[in-house]
Amino acid sequence: MRQPSVISRRVAAATAVLVVAAGAAACGPKDNKGGDGSSGAAGKPQKGGTLTVLNSKPQEDFDPARLYTSGGGNVPSLVFRTLTTRNREDGAAGAKVVPDLATDLGTPSKNATVWTYTLKDGLKYEDGTAITSADIKYGIERSFAAELSGGAPYLRDWLIGGADYQGPYKDKKGLDSIETPDAKTIVFHLDKPEGEFPFLATQTQTTPVPRAKDNGTKYEEHPISSGPYKVVKNEGDGERLILERNPHWSASTDEERKAYPDRIDVRSGLDSAVINQRLSASQGADAAAVTTDTNLGPAELAKVTGDKKLAARVGTGHFGYTNYIAFNPKVKPFDDPKVRQAISYAVDRSSVVNAAGGSSLAEPATTFLPDQAAFGHTPYDHFPAGKNGNATKAKELLKEAGHPKGLTVTLTHSNDKDFATSPEIATALQEALKKAGITVKLQGLESNDYSDTVYNLKSEPGFFLGGWGADWPSGGPFFAPIFDGRQIVKSGYNFNSGQLNDAAVNKEIDEINKLTDLDAAAKRWGALDKKVGEQALTVPLFHPVYKRLYGESVKNVVISDWTGVLDISQVAVK
Amino acid sequence: MSLVEVSDLSISFGDVRAVDGLSFSLEAGGALGVVGESGSGKSASAYALLGLHRGTGAKVSGSIRVAGVDVSAADDAELRALRGAKAAMVFQDPLSSLDPYYAVGDQIAEVYRVHNRASRRAARARAVEVLDRVGIPDAARRSRSRPHEFSGGMRQRALIAMALACEPQLLIADEPTTALDVTVQAQILDLLHDLRRETGMGLLLVTHDVGVAAESVDEVLVMQSGRAVERGPVGEVLVAPREPYTKALLSAVPRVTEPRVPSDTAADDGEVLVEADGVRQVFGRGKSALAAVDGVSLTVRRGETLGVVGESGSGKTTLGRMLVGLLEPTEGRLTRDARVQMVFQDPVSSLNPRRSIGESVADPLRASGQRDGAAIRARVRDLLARVGLDPDSYDRYPHEFSGGQRQRVGIARALAAEPELIVCDEAVSALDVTTQAQVTALLAELQRELGLALVFIAHDLAVVRQVSDRVAVMRQGRIVEEGEVDQVYGDPQDPYTKQLLAAVPALDPALAAVRRAARKELAAA
Amino acid sequence: MSQVLPAEGAGAVEAPAPGAHPFWRRLRARRSALVAAAIVALLVLAALAAPLLAGIEGQDPTTYHPDLVDSASGGVPIGSFGGISAEHWLGVEPLTGRDLFARIVYGARVSLGVALGATLLQVIIGVGIGLAAGLGNRFVDQALSRITDVVVALPVMVTALGALAVVPTSFPRPVLIAVIIGLVGWSGTSKIVRAQTLSLKSRDHVAAARLSGWGSWQIARRELLPALAAPVITYAVLLFPSNIVVEAALSFLGVGIKPPTPSWGQMLSDADTWYQAAPTYLLIPALLLFVTVLALTVLGEGVRTALDPRAESRLRIGTGRKKEADA
Amino acid sequence: MKWFLLRRLGGALFVLLALSVVVYAAFYVAPGNVAQIACGPRCSPAQVAQVSEQLHLGDPLYTQYWHFLQGLFAGRDYSTGTGVLHCQAPCLGLSYQSDQQVTELILAKLPATASLAVGAFVLWMLLGVGTGLLSVWRRGRLTERVLTWITLAGMATPVFVIGLLLIIVLVTALQILPFPDYVPLTEDPEQWAWNLLLPWISLALVSAAPYARMTRASMMETLAEDHVRTFRAYGVGERALVGRHALRGALAPVIALGALDIGSMFGGAVLTESLFGIPGVGRELVDAVKHVDLPVVVGLVLVTGFFVVLANAVADILQAMADRRVVLA
């Protein structure tokens, strides 16, 4: 078994929520950002040719209702247009939200509880019929059906009546909080202010679905395209997906997707080692190949680093993701902030970074929010541990906390070899804490068991490894689920592991959500993160960095900070 | 020039010298019987005639000429030309000696084609011809059968047919009838006799059974421990042996014609120890069910010996196992009012090779609850002495004993349980005749002393006559005739009994000829 | 479902002469077996003395050495041949910089220990079930044979994962793995024992023991078990290396021994992707596993021929299936 | 023969059903919130409950198993939201993970596994039997000793070790073979074989050893049998003895073993598939087990079990057909 890719089906998603469908991100190498914003083979990108996508995870559930994407995903975004979408540009510029089907980012009501969108003119499906706002409403309603579960929770949480709605199959009447006064206008009524609604509108659930063509769970076999490509072949539940140009798509209505290749051949179910081997060999069709879901592992990176030619074909991406230690303050001795602080001081981030694949694949983190302006990153290091941990300070704190002889604690982690919550990271921490007099016992759980255990209030351990990724590049979906007291889930998956229910924090979250000025909001998220960080409810460890190989003739490589991965809507192979 | 000329033949396997300076010759058309007990080197000598020791690691010295070929000097091709064509061999176990995967006719044809330029078709025709000659009915059809579809006697006929295929000058038969029932044995011997007369080929017959030799050959060579003891015309050697070994051998051979010395322990009014009433034993279920014993009734009284005689598959062993309780009858009633024990056929498998013989003998004592080690040891010593073994051999293991001695250990073990009845299941069949005589003598002695009842199960009619007061003849799970031993043997009533008795080879060559004629008449009638 | 295993009634293995020691004599006569025995003894010693050996080297199997790996290029050990040096005799592990020699000797404990435990369990269960099937009546025999069939058809992976999921994590993992391999892999032993028992049962000395008045249990103990020893030992000696491989395979697939406990299979599994960047990391456990299994197999061969020179064709040993650990 | 087959069939059915019960029971107690997994991590409790109801996860174990049996023998219907999806008998259910029909999923994975198994089988039979015969032919000479050691080494090497070594040597160092990337036979036969060569060789090398040993032992035994002696005593040459009279009997157990091994390999050569990334049944099993995808696990176990049982029966029949002394009853 090769090193598993970061993604392993829906299941692993609990920890890597967004990585799942978006495919992890890769923005242009940081040191390389100033240039023309794109890299890849030289020459002006031209239309034509076949782009091969080599993936490990099949595009199963290729249904806009079921996909859980960040910004509409990579392959899905070729077929599904959404109300808004991500800005297809390199680096930080790519973390912005831009209109897609809609003419703008939406018009909020004064308190940001009502959002109104108007569709562009001349929008058509692959069969030439016009796209209407009713189809978008229907598409959203479908995502409430139990048969088509899988998407993000926000629509359910935000739309009035969303929590009880069962989808159009059981509830023919539809969802009243979405109005379509005419074929071009769609209005959303939210039960609380949400300034980040334009971000949510990038998700595939806002893709139009013609009711007449809906055939339930079978829709995924041939979803009706609104984007530049349509599905001509879908074998083995998304293992082989062939996309060809959608003649009814018009570049004039779509500023974002370049759609250079004529044909896109997505082959999945491949072993990650095979993918990287093929990309590095870059033979035949593989010269025009990319991957949207497979990173270079440490061993492969080590090999690539030694080869200049190969190294030139590596894209580096950053994606809003943080790996951290989570505490459950309801469990002794983690109820004592001093103990949590002691551990914060004791961690050896260079060992942890090494265990995560080395400094090229992980950057040490001291803040919970990812190191990106879009998230409002505000630097802080409340419990400076230095490179290798501050055992002395940790011991002092432990003494103060009444543990002069040290402590024995159990660290829960996953048994997956994912370089994130894996045994290697846990062992690195075990070693570091040993120096501070803390004996760590390891409790490794199989991945399902792990998710069920740590994200469940009833079984949540006191001390475990977690990770959190952004549904979109903003503090809202990154910060709130972890620290909003009202998002503590009693039954079902709970991500507020620190079980923080602080009125002040909750209030500030509400205040920020009211802001429709996203830059202003970002600053306040950053300040809030710094504030909450003082409580030492988590110990941020590192932010992963994604390295991806691509084929020799791949041109116009654009890697945004939103997805961190080269955007195949921009790639050219001619 | 003689057909076979062997001089100063020695064969050794590792350290064991199997044949030691053997010389003999056989004229064309003659018939020589090589007779000896196990380990006498008779089979090894026969194999040497065809150079079959080559490549096995055995050391062969001396000179062997067969049909003009110097076997020890011949190269592989010459040897192959000799084998089967000039001299052919018939082996002991006809089932394993034929290739199970090919039709009998094909196997014969293959051999024929090795030595003759012939088409497949011609070879097959020849195969059918010889099969017909050896008395396989419907030979053309049966030639397409595989060996397992033949009966034992048919297989041996087929092997003989294979030998005949190339019209050899010499037929070497290595214990050709040992694996066969007595009636079949008689048929095969008669066949060999006829063939020899007809084709004029020479016959070298290797056998442990003096009777078989008496029936079939002109001259005999008696072997003991790799050496020739005595050689001469069959009439002389068997009727008036010169050498002491030959005399001992002949006197040990039980004779079916000799009336038994009446035993003094048997009494008609003796207490009934075991009584079987219509017992059946069925093996298998449904279609494949087979009644090994099919309604047998008999009684065994204190002090008497009941002989049970029958050919293979007659159910006699199953009956014996039911009598001692190793098998429960499927049907019928069996009352057992006595302690019974059994002495088994195979001296190798009847003793646990991993336990000392003393331990084995002590088993019944320990099982009955005795715990006193010294007392057990003393009793075992007594028992060992009683059966004629060294009392000090308590701690020795079965492999250190000869077959006869092991059988004595088996008897001692049976005696340890102080039985009133011992069932002897082919207890002497695997032994050489001299040993056989000793063991039967021991049994008789013990019976006299301890007043034991014996059930003596055997296929050998002569042995049964020697030891039994009464005899039951079994066939296909039933008793076809039962009575006083002299009466049954002297004046058999059942046709099957008659047939059995007629098939027993006679020791006197003159008598053998008479009986052969009688068998012919019986068959013709 | 029968096996190609010993045909029923194919004749029990003849007893070696007790008292005398032809076994040892025959074993000593095979030079390859002696060399193999020496290697196995060395490995066992190394495993037992793991802390001592690591102590002599001055390392332990868990300490991270972040300074010994090149963090920027994916964590390759710094220095040639995977960072082999006077301090680190076999170099260090990529990413973590843990000492490989220490991990190898500690790993030997786990690999050998698990295999030993599994083999013992397989033998105990196999002999028990085989005896019961051989001695029991038609019904018992049928029932046990069906159970054996089910076990044969049950993939070890599923069993392992099922068990790992059900058994609390506090249960020591190596013990659990040994138990799982034991529970899944006894069918070969039981089939041999059953066939031998059926064959022995028909022997006259067993009948004689029954006539002597012994019960079934005593007959099994006195007449059967000693005779079963030779074939069972012969089979077990060959099971042992194959169990090492199964443990390694499970760990390799990620369902075996868990870090930080080192086992050879788990080390191989970690090293899997490093074949280009740090080949020694892969080669060392691979070669060690190879040498160990080879030595044990050769020793097993020696024991087998010494115990029963004729048994060659009767036992079906270490087939591809077993290697695949899919049994 | 008819009865033999019928009894075999009955036994096989029993074994398969027992297997499914075992797996069902094991997974019932295993942790992992299946509904949550199927629904997605951010599903609300209400949605999870809906999914749970849809998958009948709330039902008691026996009810669930009964549904499974119904599906297996009569087929089952699933709601697609807008209509009904009929899963025909033998229906192994839908994957919790992907909603795909398990039967389709397995059928999609089988060709890769079959390609791997059949190719490796051919190679190891040639290699194993050839080596075995060669060592009989050259018995007592140096060749035999060398071959004995090679086979011992083959037996001692786990497939993943040999596979990795071969990758290092053939792929990385010498660059003779590509890193395997399974291409369906129907797509490009040449690439199919070329890419599978490495796994075939790896499997053949580790699997050939027992065959070589068995062939050798079996040949030696057969050559010592009475009927071979008979034909030797009738002047039949050594070559005909080996070819006609020894080989057939000697190869019967070897072929039976081959049938067994290939049967179990059809159930997925987990290690080889994982090592070389071949998208076959074995890899699917590992994946499904890790994701508590019960229908897929049960389906795969049944299919694996089916092949094992089938292989056993075939092995027995082959052996019996080769050896007419054995009566099938």
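Going by the order they are written in, the chains are A, B, C and D; count residues from 1 in each one.
Simple rule for what comes next: contacts are C-beta pairs under 8 Å (C-beta built on N, C-alpha and C of every residue); 3 or more make two chains touch, one makes a residue touch a chain.
This is a predicted model, so every value here is computed, not measured.
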By CA centroids, point me to the most central chain in this structure. D
For this structure, I'd like the pair of chains sharing the most C-beta contacts. C-D
Report the inter-centroid distance (CA atoms only) between subunit A and subunit C in whole Å. 45
If you average the CA atoms of subunit C and of subunit D, how many Å lie between those two points? 22
Taking each chain's mean CA coordinate, subunit B and subunit D are separated, in whole Å, by 51
Distance from subunit C to subunit B - Cα centre to Cα centre, in angstrom: 48
Which residues belonging to subunit C are in contact with no fewer than two other chains? 161, 165, 252-253, 272, 275-276
So which bits of subunit A are touching at least two other chains? 1-2, 273, 446, 449
At least two other chains touched by the same residue of subunit B: list those residues. none
Can you tell me which positions in subunit C touch subunit A when the two form their complex? 62-64, 66, 69-76, 94-97, 161, 164-165, 169-170, 252-254, 258-260, 269-270, 272-278
Quick check on the complex: what are the subunit B residues that touch subunit C? 321, 324-326, 340-342, 344-346, 349-355, 360, 363-364, 367-368, 397, 399, 410, 413, 416-417
With touch defined as at the start, can you tell me which subunit D residues reach subunit B in the complex? 225-237, 240, 244-245, 248-249, 322-325, 329
Touching subunit A in the complex, subunit D uses residues 31-33, 36-48, 50-51, 53-54, 78-83, 85, 97-100, 105, 108, 178-181, 274-277, 279, 286-287, 290-292
Subunit A residues within the subunit C interface of the complex: 1-3, 273, 296-303, 305-306, 348, 350-351, 353-355, 357-361, 388, 415, 417, 423-424, 427-428, 430-432, 442-446, 449
